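Each of the next two complexes has chain A plus one more chain, namely chain B in the first and chain C in the second.
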Partner chain A sequence: MIELENVSKSFGDVVAISNMSMHVKTGTITGFLGPNGAGKSTTLKVVMGEIFPDLGTVNVLGENPVNNIKLKQRTGYVSEHDDLYQWMKGKQFVSSLARLLLPREEAERAAKEALKTVGLAVKGKKIQAYSKGMRQRLKVAAAIVHNPDLLILDEPFGGLDPLGRREMKKLVSNLNQDGVTILISSHILYELDQMSTNMILIHRGQTLAEGAPSEILELIDQFPHQILIHAPIDQLKNLSKLMIDESIVNSLKFGADKSSTDLVAITNNPKEFYPKITQLIAENNLFVEHLESKTDNIEAIFEFLT
Partner chain B sequence: MVNKQNNTKYEYSPPLFSRGIFLIQIFLNKYVYDKKTYILILISVLPLLTIGNIHQPGIEDYVDLIGPISIFTFIIMPLISLILGVTAISDEKENKTISQLLARPVRREEIVISKWITIMIIGLIITTINSTILYLGFYILLPGSISLLGNLSVLLGTWMYLGLWFGVYATIFLFVGVFLDKNAIGLGLAIAYFEAFFGQFIFGAFSGNSPFSVANHIYYIASEFFLSDYISFNIAKFEPISSVLVCIGLVFGFLFLAAFTMRRKDFP
Partner chain C sequence: MSDQSTKNDAYVRKFSFRPFTGLRRGRIFRMWSISWQWWIHEWDRSRAIKVLIGFQIFILFLTNIFVLTFKDIQLQADPTLTTGQILEDTLIPLVRGIVSFQTRIRGESAGHGDEFGTSFSIGGTSLFILLLAVLVGSGLIADDITNKTNEIYYSKLEKYEYIMGKFGAFFIFGNVMITLPYVLEFFLLYIGLGNMDFLAVLPVLVHVILFTELVNITYAAIILAFSSLTGRRLYAGLTTFMLLFLANMIVPSLAFAQGGEVGLQLLTDVLTLLLVSSYLLDGESIIRLDLLGREHTLNLANGIGIEGWMIIGSLGLFIFLGISIVILQVYRRHSA
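Let's look at the complex of A and B:
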């Protein structure tokens, strides 16, 4: 459905994407993951024909996306920006843009339908008074009003609260079940790993990996994960010994202060680590106050993978 | 929150003309809601303030009317056309709404041409309002200077003169706004005032009524076609019709350039 072959794009001295190739298959939800500034938005804009590549070929639904009005009838795009006409009302916004594709009655009906699909039922309120979550939903409604075959979402979870994120995920999954192929970008792994059927990792404008989420997660799991454990000092000592005996850690870092109640465990195998440590704590009747992953820095993971 | 989306696949594609109308409708609405439009209208009636300085002119002495109209044409008209022209596309870029438009089945050049038609409509409205206010201002503030119904040709002539200024300048600035990503207003100001002041007065002083000034061509057309009873002006070795062709050429040349630039432009 989408094929990028050796695409490069620079803005002056800044290389946004470099010799990048990626493929999105029909019917999938493809998670497009990379740290901020990796070139995700540029790539999506190249796919949408908003940016011209310097080199390489771009093929969307078998066609070149630039100034291609037939193709635009089959695609929907939600940008990362707040690109709404603030002075319009929600329904007016969706139906006005739908008029560029549909006859009047059809546009009105489709706008109503799209707003219902995204769960937005605000009457008489101008967009400038909308919350962030409502704006995101409105952008999705405008993008799906014509029932596209391909929907491209650039950081759709940005600024949403946990409930909003969950609803957005559900919406994306439902659209996919209705036959829409989805390409969705994010810089947060956990937002995409469960909902995606395929994942593409991008870093410094290049594709790092492409495949099923399980394969990608396996690759990411090779990154030395750091887990912070907070417990009374005697409990930490016992737990450390057990972890070393069971060989579930590469190394352990204690706080500089001898009385510190913090310990950082470093492991290459988090899948094995988490169940095992829970088992060790339970079997040995240890008391641990707090346990959390410190490896939520995606930039560090990508640095590791390159 | 999710309802099953109706899966109708739409094969319909509105014809070019309809797409243009819908775009113009969206853009016009934007100007209606934009405070900038009303500020421009307010600015455009400022020349009325200078009416008090005119000594009992009498309408046959139209030169006396030229005072405020000159201020209007050399300062305010470039400013209005600059703001409307430059911001036509650059506002969409700045607000990122260009992304919404580019994601729709419309060609980039359709966006530019629809914008151009929209600013021409807005320009016509503004010039109609301010030339009417100017005319009424003379009637009210300088009793006897104008016969309300007897001098409608002045109103019409002034309106066409201002409209021509707006048409030519706004199209040039539309191109500047599409072409430049930054500092479009600054460059536009430089062009506007160089052209309006220096192009006419300085070049004019050294080489007579210079054909290299757009303002001269517009003034020449006005003196020949719109306000021939009141002002007299010519460009040496130039027929009035040549000035008309120059203006038409500039409008369509810059419109073409704007559409061409838009076609090849990145919107990061």
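Let's look at the complex of A and C:
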């Protein structure tokens, strides 16, 4: 459905994407993952035909996307920005965009349908009063109002709370089940790994890896994960001993201060680490205040992979 | 390998492209949709626009009453005067008043009402029309930059459709708020004054339409250019207004300081260029400029100093520059 071959694009001296190739199959949810500034938004705009590549070929739904109005009518795009007219009401916004492409009655019907699909039924409320989650869903409604075959979402989870993220994931999955091919970008791995049928990793404007999420995650799991554990000092000492005995860590790093209540555990096998440490804490009746992965920093992962 | 291929084929079939069976609209409709819907939303949200439009209609209404009331006195005072001349001498200066702030011009063949109409309309419509145009037009592209809504449009439309749609939006404004009231004014005066041959006064109507459309195009090009240069409606509006207004104040002042000599600086004043072009539309080549009370005669066809072609050329250059800025901004800056 989408094929990019050796595409490059520069803005002055800044190379946004360089020799980039990627493929998106029909019917899939393709996660497009990369750190901030990796070139994700530029790539998506190239796919949408908004930006002309300096080099390379772009093929979307079998056509060149540049100045291709027929193709625009088959694709929907949700940008990373909060691009809404704040003074409008939700339905007014969606139907006004639908009316760019459809006759009046059909546009009204399509707007109603799109709002129903995204689960928005706020009557008489202006967009400026919408929550972040509602705004994101409204943007999706505006993008699918003309019944596209391909939906491109640029960082749709940005600013959403956990509930909002869950709803957005469900919405994307539902749309995919209705037959819409999805290309979705994010800089946070765990937002995409479960919902995607395919993943593309991009870094410094180039594709690093492309494949099934399981394969990508396996690749990422080779990266030494750092887990921060916060607990009273005596509990940390006991837990450290247990972790070493069970060989679930490569190394441990205590804070410089002897009275520090922070410990960083480093492991190459996070899949084994998390269930095991939970088990150790429970079985030995230990008290741990806080435990978090420090490896959500995707830039570190990408540095490791390159 | 063949199993994999079969599986993929089935997958693709399951999610094959769903042909759209409904009716899609054409390019003209898409551009019209941008224009019309923007106008509807602008009307909905801005109280100031409604007030200014109300004021504009009130002034025209007042003019109508004034002219019709004093019609008989004028006809008695000058037996050679016809109702057709009263219509012309009222309406032409009135439309010229759209762009008359500081500069006042009298044509060599000025009619009876030339001074009257111009001075009457200067205080009334000119400032308000410019204010209204700036108020309406400055948000046309700037609002999309602020709200990033241009990206939504670009994802559904081609960029030139977006540009045409935005210019269209301004033309709707221009035609509804500038051209249409004066055309209506023509017909009201035509009916109210009575006793005249329509074909004889038709050139007045043509002049009104051509001149107001020229004002629409010029305002559209300049206001949209500033609107596309900034993401703030307020900045775009203020800058446009100040530049047009200041140029109109400074140029005659400079000319006055030079002892009434009008130099090439006149070509930088868009409003005066528009005003002079109205006289050129009437085929008048000798005009008298009132520069802060000091009159200066300008021959636009004697091969000396400012010529008619320079006036038209400068105006065309402003329009060209304005449109070029909009195109460049939309195609370059807003793509990055």
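Before moving on, here are some points about what is shown:
Convention: the second predicted complex is superposed on the first by the 278 of 306 C-alpha atoms of A that agree within 3 Å, B and C clash if a C-alpha of one lies under 4 Å from a C-alpha of the other, contacts with A are read in each partner's own complex, and residues count from 1 in each chain.
Following the convention adopted for this analysis, contacts are C-beta pairs under 8 Å (C-beta built on N, C-alpha and C of every residue); 3 or more make two chains touch, one makes a residue touch a chain.
What you see is a predicted model, and the numbers here were worked out from it, not measured in a lab.
When both complexes are overlaid on chain A, chain B and chain C end up clashing with each other.
In the overlay built on the shared chain, the residue A:118 is in contact with chain B alone; chain C does not reach it.
Legend: residue contacts after superposition of the two complexes on their common chain; A:179 is shown touching both chain B and chain C.
Using the contact criterion defined above for the overlaid structures, shared-chain residue A:48 touches chain B and also reaches chain C. With both structures placed on the common chain, the touch criterion links A:84 to chain B and to chain C. In the superposition on chain A, contact is made by A:147 with both chain B and chain C. Legend: residue contacts after superposition of the two complexes on their common chain; A:76 is shown touching both chain B and chain C.
In the superposition on chain A, A:26 makes contact with chain C only, while chain B stays out of contact range. The larger set of touched chain A residues comes from B, when the choice is between chain B and chain C. When the shared chain is aligned, chain B comes close enough to touch A:167, but chain C does not.
In the overlay built on the shared chain, the residue A:101 is in contact with chain B and with chain C.
Only one of the stretches 1-9, 19-27 or 253-261 belonging to chain C has C-alpha atoms clashing with chain B in the superposition, and it is 19-27. Residues 11, 45, 48, 50-51, 67, 69, 72-73, 75-77, 79, 81-85, 87-88, 96-97, 99-103, 106, 142-143, 146-147, 149, 179 of chain A contact both chain B in one complex and chain C in the other.
By the touch rule above, chain B contacts chain A in their complex via residues 1-10, 12-14, 19, 22-23, 25-26, 29-30, 33-34, 95-100, 102-108, 263-264, 266-268. Here chain A touches chain C in the complex through residues 11, 25-27, 45, 48, 50-51, 61, 67, 69, 72-77, 79, 81-88, 92, 96-97, 99-103, 106, 142-143, 146-147, 149, 179, 181, going by the rule given at the top. Across the complex, chain B is touched by residues 11, 16, 41-42, 45, 48-52, 67, 69-70, 72-73, 75-77, 79, 81-85, 87-88, 96-97, 99-103, 106, 110, 113-114, 116-119, 142-144, 146-147, 149, 167, 170-171, 174-175, 178-179 of chain A.
If you check the complex, the residues on chain C that touch chain A are 8, 11-12, 14-18, 20, 22-25, 27, 30, 33-34, 37, 41, 45, 143, 147-149, 151-158, 161, 335-336.
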